[in-house]
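Each of the two complexes below includes subunit A, the first together with subunit B, the second together with subunit C.
Now for the complex of A and B:
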């Protein structure tokens, strides 16, 4: 009898440990995803907020990329590139968000390119006024997706010629 | 019995305790992780909230500056400070001083403390005193988010303010280049062209067969830009030459004329409207407006042609697809609008040149007009070239035809395309011939020659495609006739059978 109770409790214990391990893994992934997405979104918002002028989208336009002049009037584009390894793993289209800031040298310079976010499912920028842009981004990891929606005003328009 | 029971109780209790401890561990772990996830989202919210706090502090300062003459501003003689001001669950510190070395400018530092995070926001604002315009006296020249350690403790130039000066100098140096590049990018509609123009790297495509994704590397909805509002010409009484209400000051109600055009007969005492023929003949339109119209419509034509052809070639859509049809119809409409605007430019420019006060002025007008016309012409040529470049694949297309009927259909369609192309070329060259004697800069001449060369290369391309299709048609026709002859029953009826 005692042996049976011990076996039952042992089995329950093993199941609990397995469940704990699975839960930790799942939540760790979620936290990692949210951490990465939050940092990227904050970074992107700060970048746009410091812009001096919005080039594309123009008023009323919605585009999957954004072109603006940054704090020192260097034209910057945020756009998506297919993230092949992640798409292969998740079996859905996944993109990485790139930022490229031109230096007017007339040539591509890898140091001006920056990966802001690795796991974007979809992205759109809408211009609702001449000095602001609405950002809608969906990030994905495994079976989880979540969406950010932000309306960002450009704060350096005062020097606009 | 009591001994045995006591032994069992002694065994079960520790096991139950161990189970409870493990269960509690699971619950605590899961709760902690969930709390961590929530805190990440909360962090993003606080980031926005901190900015709004700082912006509120700046707005309060703006209100004070507005309410006082500039010499009486709070920071006129010494920095203005506020410390530990509570706002919306956080606190902020404010430091404002006259921008070192600059007149009528102020540096505003706001340091926020919210949810254990400290952030610094900086604005450099300019004050422009204007008796007639009081709503826009303060403009933000510079904003950035900095390191909280840069919050100043004393007045005067600091490492941070000098850093801002350098950034402003860099911004000024890049102003014209960014304007030029931005203007070029506004006219482009596809991402690869934009990336090329910026010398950025084109995105790689997904591995073939990995997932069913459009190959342009773009994911997200798109929506076209809003059209500018249509401004109607002024009514009779609104014209500067109107003499005011006469004996009959009642405005005649608009009456609908033929073709749906609205016409307003001149009321007594008011001058009549200049004759109009459609929305583009706005009497207030100047030559500059018309030239802008040429550029705008020709760019639309090019953008729509690219959009339609991208949908066909990259999006694997058929020519009858609604998206493709809509894009190509928009291209055709923009092309017609460009022709109309070009003709009006030629007419308006002729009058302007005749009335020019000097030869130099006339030459300058001619150069401006010819440069605009050539730009519009080049856009239209590029639009045609984009559409007719499809004929370079004629050999592949023709090889894929399997019946003579399909081949005949292709021959007919391409023949009509050639007719349309020749008509377009005729129209375009006819318009451009009207400015043949205009003065042109060398750059304009080079652009015109290049565009004409591209245009001249298109008809041979189509003719070659038609000849290929015609040959394929004849080949298929012969094959089908031969096959039919082999399958035909003998002309004589075998004995014993009923025909």
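Now for the complex of A and C:
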């Protein structure tokens, strides 16, 4: 009788610990996802804020990529590239968000390329003003998805022109 | 073989066998396990709530940033952006839902359906259930935006500053979630503290007045006594004559037209495909015309008060023949006032024409949306002035037609510009309110619609009587 009760208690304990462990992992993933999203948003914002003119999307347009010029007339493009290993693991299409800034040589230079985010489920840039751009991103991690809508202003040149 | 405990089990123990577990011990163990389990579960639940709250708070911060950027954007092009966005200017603004198109800030999120490039709020991007998982995570969010100018009225520069408070709220698992942001925004509504009139060295001009009146060496008081006129009238007369002569014979006035002619010749030689130079030359011509218009207006603005003195105080005004005795040349100078005014109007219209030409599709595309927007804002200013000129009765209709054209191209693409144009069109229906909304324009209107026609009539009367 005592043994049976101990076994039941033990089983309950083990299940509890398993559940706690799973919950803990899920929480960790959620926290990590949010941190990742926040980090990516901050990075993207810092990059776009250096821009002075939007090339694409044009006013009223929504596109999955963004092209803008900065004050020194360098062009930066933010675009998605399939992230196949992650897509296979998660069994959904996943992309990584890359930023490439052209230099004046006109040739591809790998050092000008930067990965902003590894696990993008969807992304869109909308232009509603020549001075800013709206960004809508869904990031994914395991079974969790996190989506946010950001509004990023371009650099204000003031009287420089 | 197992031994069977008999009698007092505490007293008698069978060697090799442990003591059995009592019910009390089991209950204690179960209680301890339950306590530990409950503690852990509470801890986990609390952690989950914290994570959820952090996530919601992050969304609130990002949404606050969106609303803030929208406000900055609106105020950048529209001094009445606070009003056009429907911000409650009282300290207790009303609550707005974020989703389902219930707020102007989130009603144009994405262009999702054709025709591409134009966002139709009826079919395109509001934050609705199709935007998962964002919709699910923020559909219970609501926000309140209140804005108040630091000075409600008057000429104080504090009137240009708007203090905005933005509060996002949502029902969080831990209670009511709230994220607050405050902003101090620049929204110019007070008149600019600038003198519309040309700045002249009045002391130097006054010293030349006796000579201009043909009495070099005499003081104004002596001349006034001889003529039976007061000093102020003679001073005003002398200033008018000297400033008009000085301006018409100035290098600036003589060379500005030549400079414009040269620029236009250069523009005509620029190939239409050379967009960079086309833009540059057109802008140069527009700026040159605008500069001429501005300078002529400043001269007119300086002279109008002098004519007022002459008109209201001097007995000369009642007796043009006596003014003619001072020298017909002075009366002829009066005619230059009309010429300078006409130059102001003509140059303004020319400047508007050349600024407008910068909106040509190829040039606008080449220079980008920011430059295009700046040009539109400049043109709105020029059309506003054109609409208060007494010699251009069609000015208001031209302005309305321009606003319609801008609205046609901005609807579904640039909500801030659309709101600005709609607000301006609405204001134009009630001219008094429209003028009050733009104090600087009201000052120009005060001169052009009130003082200038009176001055023109006075000059006509004087010149007509004398000759």
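Everything below uses one rule, namely that the second predicted complex is superposed on the first by the 152 of 161 C-alpha atoms of A that agree within 3 Å, B and C clash if a C-alpha of one lies under 4 Å from a C-alpha of the other, contacts with A are read in each partner's own complex, and residues count from 1 in each chain.
Please note the rule applied: contacts are C-beta pairs under 8 Å (C-beta built on N, C-alpha and C of every residue); 3 or more make two chains touch, one makes a residue touch a chain.
Please read all numbers here as calculations on a predicted model, not as lab measurements.
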Combined model on subunit A where subunit B meets subunit C, clash or fit: clash
Which of subunit B and subunit C A:134 touches, first, second, both or neither: second
Partner chain(s) touched by A:84 [first = subunit B, second = subunit C, both, neither]: first
Which of subunit B and subunit C A:124 touches, first, second, both or neither: both
First, second, both or neither for A:104, with subunit B first and subunit C second: first
Partner chain in contact with A:60 - subunit B first, subunit C second, else both or neither: both
Partner touching more residues of subunit A, whether subunit B or subunit C: B
First (subunit B), second (subunit C), both or neither touched by A:145: second
First, second, both or neither for A:38, with subunit B first and subunit C second: both
From 148-156, 220-228, 256-264 or 274-282, the subunit B stretch with C-alpha clashes against subunit C: 220-228
Residues on subunit A lying within both footprints (that of subunit B and that of subunit C): 2, 5-6, 9, 12-13, 16, 20, 23-24, 27, 30-31, 34, 38, 41, 52-53, 55, 58-62, 69, 124, 126, 148, 150, 157, 161
Footprint of subunit A on subunit C - complex, ascending: 20-21, 26, 29-30, 33, 37, 40, 44, 47-48, 51, 54-55, 58-59, 62-63, 65-66, 69-70, 72-73, 76, 106, 108-112, 116-119, 125, 127, 131-134, 137, 368-374, 412-417
Partner subunit C, residues of subunit A touching it in the complex: 2, 5-6, 9, 12-13, 16, 20, 23-24, 27, 30-31, 34, 37-38, 41, 52-55, 58-62, 69, 124, 126-132, 134, 136, 138, 145-154, 157, 161
For the subunit A and subunit B complex, residues of the former touching the latter: 1-2, 5-6, 9, 12-13, 16-17, 19-20, 23-24, 27-28, 30-31, 34-35, 38, 41-42, 45-46, 49-50, 52-53, 55-65, 67, 69, 71-75, 77, 79-82, 84, 87-88, 91-93, 95, 98, 100, 102, 104-109, 113, 120-124, 126, 148, 150, 155-159, 161
Residues on subunit B engaged by subunit A in the complex (per definition of touch): 8, 11-12, 15-16, 18-19, 22-23, 25-26, 29-30, 33-34, 36-37, 40-41, 43-44, 47-48, 51, 123, 125-126, 139-145, 167-168, 170-172, 174-175, 177-179, 181-182, 185-186, 191, 194-195, 198-201, 203-207, 210-211, 213, 217-226
